[in-house]
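The following pair of complexes shares a single chain, subunit A, combined with subunit B in the former and subunit C in the latter.
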Partner chain A sequence: MIGEHEHTMLRACSLTKTFTANGSTTTAVRGADLGLRRGEFAVVLGSPGSGKSTLLHLLGGLERPTSGQIWLNGQRVDGLSQARWAVLRRREIGFMFQFAGLIENMTVADNVEVAALMGGASRRQAAGRRQELLTELGLADLAGAAPARLPVSEQQRVALARAMAARPALLLADEPTGGLDNVATLAVQRLLARAHADGQSILLATRDSRVASAADRVISLFDGMVADDAPLPDAPREVTGPGRRSAVREVLRLRD
Partner chain B sequence: MRMPLLALLAKEPAHGYELRGQLEQIFGQAYPAPNIGQIYVTLQRLERDGLVHSQDVVQSTRPNKRVYELTDAGREVLLRWLDRTSDGARVRDEFFMKLTLGALSGSADQLGLINRQRRHYLAQMRGLAELAASADRRIPRLLIEGAMLHLQADLDWLQRCQEDLA
Partner chain C sequence: MRVRAMARWIRADLRASAGRALAIGGVVAGVVTALLLSAGVLQGATNPWQGLFSATRGAQVWLHLAPGTGVSGLRAQVPGIEAVAGPYAATAATVQLAGQPGSAGENGQRTRVELRAMSARLPDIGRPLVTSGHWLSDSPTSGVVLEATFAQALHVSAGSVLVLESVDGSTRVRVRVAGLAETADQGFYPDQTPGLIWVLPGLLRQVEPLAGHTDEVVGLRIADPAGSGVAVQQVVTQLGSSTVGTVSTWQQVEQSMARRNPLLGLVLALFGLLALVAAVLAIVNVTSGRVLIQRADLGMLKTIGFTPAQVLAMLTAEHALLAGVGVVAGLVAAKLAMPLLLGGVPGVSMAAAAVPAGWAAVIIGGTLAAVLLATAVPAWHAGRILPVAAVRSAPPHGHLSRLAMAVMAAGMPPAVVLGARAAFVRRLPAALTISGLAIPMLTITIGLGCWATLDEVQRSPADIGMAASVTVAPGSMTLPQADRLIRADPQVQAAYASVRADALVPGETATITTLGMGTSARPYPFHVVQGNLYHAPEEAVATQALLDALQVHVGQFVRMWFGGVPVTFHVVGRIIDPQYGGEVLAYGRDTLADEGATAPLGFYSLVLRHGISAGVAAARLERASGGRVDAQAVPDPADQLGIVQGALAGLIAVLALTGLTTLLTASLLGRRDHQRDAGVLAAMGLTPLQVTAALVLRTTVLALLSVAIGAGAGLLIATRLISAVSRLYGLGAGIGRPPSSVALAVAVTAAIALAALASAGPASRSRDRGQARLVTGR
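Let's look at the complex of A and B:
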């Protein structure tokens, strides 16, 4: 079991979350089991209302599960206080919400830099990290802007930069490309791919299959339950030669 | 293959290898160039139907080459083709047959089929994304983006099937 922990970044067992409002109860997540190995990139897919956001909120400590257990780095965390969770989110978990959650009276640059500082970076490291992330996400020109004045799509990317500023062991992101145009989506994809190649553990909820296709593993949620959890097969390789067709290029064949 | 060749010949007469080169140049990575045999067979059929005609051009240092040219009838057929609207891509009915008919006899588990198909589409999407990243020209890139959007629609439809059959 110790050996398993060494490779496990995150593990959840029988996670359930029930909300009660005005006397009626809704169960958003029902007995979800999942794990994420260190350095693994997994996506959570599902329709709106399937429980993706709630699941991520539980794993990031923004909501407390009704029942079930969560381990982060081998440590049981589901019963931690809000304050302890806040510390985890500063250093170990980068969390990008669907609603950006930026600090409004700080510039874009400071939002990112402060996150790096709170995660333990030196001033110089924090400034370097801020510059690197904003450049990669195509936001360098907006460094001095106030987040509230930016369109939501730009706030989203600032939120992603913020979540990654402290080089967290685990990145949790909820719809990081929701509402982004093609160019911005590609920038986010490149950033995630590079972070993944550098060993970043990533769990993200998305409806964008281009983003999802880069993952090692896909977790499909349906009605709050894990309906599928399996590695993605390799991309079909280009196959050439007489009589052989490539599954990728097949889509693009000219027909008579 | 007939119409693309007619469209290329409408620009200028060409021989088979030139036509293949042009297709490759225009569509790039997004399109596996047909083998030269396929092109010659198509050209022969077009000639039989009176849509192109060919003549041998004598070359001093190399064997003669056969140059094809569009006929008036060929131009007419091409213009009619250009003028006609094209049907959208059809639903992938093979998978749907498996999903609906496989379940009838109890020989297939629908959720299992949907899950496996989703992963397969995502893997295809990854292949296309890699292809798109290497596409440095506009036409191949647009073709690949089109294929990705179709695939996205297939994935959305899979989700609809799951919701409806659950």
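Let's look at the complex of A and C:
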């Protein structure tokens, strides 16, 4: 089943992550299977502590899975070294953390531009991309600001801009609208929708059903396991999961 | 592009922590300055020839040839000669200080000199280095230029007026001193006599019109300096041995110039090296502390595509940049400070103290390597930080020890217990902080010991054998006349008639200088540190350096020859005397007379009444004698030691800076670790003051511990170390003093107070933040 679709961008098989601390073991992700096609917008839906963040970390190579496999563009990547993962992230994966995670030393502009530069952009291209993203997110005036001084909602949007700065093939976003007010949430949704329309592959973890309603597909996570994986009605793909469960139903209800 | 991204981060990081950047740059600059200065002073003190030789483009071999010897073909005839300096006409003459205008005339002491004719244009090879005034000029009133050490001995400076006289006394010419210059052509005066005066050819002919009394002086720059002996032989063969008067090689000049006081350089070098160790620790501390503080940011960089190697390279580049700036600043500072330092060290000139390029390269390379090494480990750790560190910080954890619980239960304030415990939660940083503070403290304690020793030496120079502050050579007076003159002087407390005699010791190739000081009935008050003073004929005392050289101990007998007369001395004591390179053997003047050895020209060693300036007394005695005696102030150790103390103060400042850097890092780290704790502590019911106290204690406990270790170890080794260094110098053990308790108390209190202050600021800020965090849940 692996690599059967040349359209498959990201595929994870039996992904498991176990943490050991002070002698006790916690399993955050248990045998998760999921796939994402090129250009697809999927949402991982789950309550806090369901393992969404860890799943995204594993898929972005920020953490190494305890077992299981990850395939990116048909290449097996779960065993890559830190350095190889880093190189992969420069162009292929834009990562946006829950709770901002901006480089405190740098201005907003530098945070975005450094990511673009790492993706191989020239200085001029990086500056242009930064301007474009910040304008779209309503942050154009904050280019010179220090991230730590900004309210959380603005930090979140800067982090999203940073994740998209290098025009990554895949955007992994962890709670991009957590802590945002309605206006800011709409701006983020607009940006994601536009990026998606341009063919951006997106995997987004959230507990906000409104954000999920823009997606092609909803994967619901419960206690580290994929409980449901269903395309939304106008999505191009057929149902693959075991059935429609509550989370998806709620998203559907919101769409109507 | 990636390089640009790294540069962006470095720039942002430097801007965000300018204090840290300044501290690292400052520490590196201080260390480089200290090492360069000590290298310069050591070089100037132990091998001044090298610097003078390069600065003057000297010739390795100098020959005095009979007049009219043709040397034009020498380069072609003798292989290996690269260049020929001269020939210059040279003649023997005498010089004396001109009397006051209108006085009866000149009656001062005549000193033999060599006049050497040079033109107004400085030559390419063997080019005298003008240190004050200016070189000869074409004008008829050009004047003369004196070799600098000769001028110093004559108390002559640019602008003084001298009288040159031919050897037979038939011509006398008054001349003005145009300038002073240094040369590598011959040794320092008075090790090398006669003194050297450069004059225009016309003046030379005026003083000594007889061509037959004029030599030709030629300098040879040879391709193989090590083979100067061979070159000399070939030249002598070529020119004929009858035409060659005297020959000197660079080896002889180098040897005669060495044997200066290396103590200052050694002390500085020791401190410089200790400062380097302290600096490395400070940089390790700062960098690893910074990495801990920046875990999240570094994780973020990994997330956006920095590889571990790139993080390592970036941090290394950042520190290399800081180190580079520090090195440049250190070079500039050393350049600026060198004249100040040397101004206080008699007899070491700027050219002589030029740090050889090899040494400078080792110092700069070594410092850079040390900084990079200090950065490498924390940077490597930084490279290994997982990208998730951007969101998942791992605060340190540990458990409350039984001891801590017991102490707390016993009623010790919880703030004290919690603060003290927190200090050791991160073990490696705690160890780094302690060593990073203990080593500067150790060095500062030793420095204070040196300071106390120098203070003691300045207060009572007799303790290092400098009882006499003026020596008087009778000059043109008879001994009884000089004796009367000295006795009449109310400022003289005691005078000891003394002789200086060279003796040959069996098995030794060189002669040693011995001193007959006073008589065995009334010996000169040497500072005896072992045994006793000479109280009978044939008893003698010696310095450690001489005992070492002769391989004898106090109590043994040593036999030597004075011009064919054997004398056996019983060494009854060990003294401290820094003169004559620290190699001194002294005995009663009567011993030589008893044994029938010829007593050479004598001099008087005068002990002045307390508080009398040696320079003033010497000048007054010379005036009182009408310029007939030569009275010299013994170089006052205070002149030199004052500057040593200055250098010590500078080094202590550098060390304090390294300690402070470590301290600030520790407190920043504490602030970060305890941002969360502060809120929790407050929620647990600790008052804001208690919370602050707990956080302040965290750093202060470490400081207390390090200060105790550093000062304790410093006290243990300071006296021993100083004695070991002075033994190396030939003074022997016994001059080391422990640091003054006041100075040490000030240093200890300052260190602890700084620790508390450094953490108090961040602590109160973090308390506020901690509470804010509790509220927002972040």
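Keep in mind that, in the parts below, the second predicted complex is superposed on the first by the 228 of 256 C-alpha atoms of A that agree within 3 Å, B and C clash if a C-alpha of one lies under 4 Å from a C-alpha of the other, contacts with A are read in each partner's own complex, and residues count from 1 in each chain.
The rule is simple: contacts are C-beta pairs under 8 Å (C-beta built on N, C-alpha and C of every residue); 3 or more make two chains touch, one makes a residue touch a chain.
It should be emphasised that the depicted structure is a prediction, and the values quoted were computed from it without experimental measurement.
> If we overlay the two complexes on their shared chain A, which of subunit B and subunit C does A:Ser47 touch? Say first, second, both or neither.
The answer is first: A:Ser47 touches subunit B but not subunit C.
> Pick one for A:Glu175: touches subunit B only (first), subunit C only (second), both, or neither.
So A:Glu175 meets neither subunit B nor subunit C here.
> Once chain A of both complexes is superposed, is A:Arg210 in touch with subunit B (first), subunit C (second), both, or neither?
A:Arg210: touches subunit B, not subunit C.
> Counting only touches as set out at the top, which of subunit B and subunit C does A:Ser220 meet: first, second, both, neither?
first
> According to the stated criteria, A:Gly119 is in contact with first (subunit B), second (subunit C), both, or neither; which is it?
Touch status of A:Gly119: second partner only.
> Which of the two partners, first being subunit B and second being subunit C, lies in contact with A:Leu232: first, second, both, or neither?
first
> Which partner does A:Glu136 reach: the first (subunit B), the second (subunit C), both, or neither?
Neither partner.
> Which residues form the common part of the subunit A surface touched by subunit B and by subunit C?
In subunit A, nothing is touched by subunit B and also by subunit C.
> Which residues of subunit B touch subunit A once you look at their complex with the stated criterion?
Per the stated touch rule, the residues are 1-4, 27, 30-32, 34-35, 42, 111, 115, 118-131, 143-144, 147-148, 150-152, 155, 159, 162-163, 166.
> Considering only the defined contacts, which subunit C positions touch subunit A in the complex?
Touch residues, subunit C against subunit A: 1-2, 4-5, 8-9, 12-13, 15-17, 294, 296-297, 299-310, 384, 386-388, 390-391, 397, 778.
> What residues of subunit A sit close enough to touch subunit C in their complex?
22, 53, 57, 60-63, 82-83, 86-87, 89-91, 95, 97-99, 101-107, 110, 113-115, 117-123, 126, 162, 166
> Taking the complex as given, what residues does subunit A use to touch subunit B?
Residues 45, 47, 189, 209-210, 212-215, 218, 220, 222-223, 227-228, 230, 232-236, 240, 242, 246-249, 251-254, 256 of subunit A touch subunit B in their complex.
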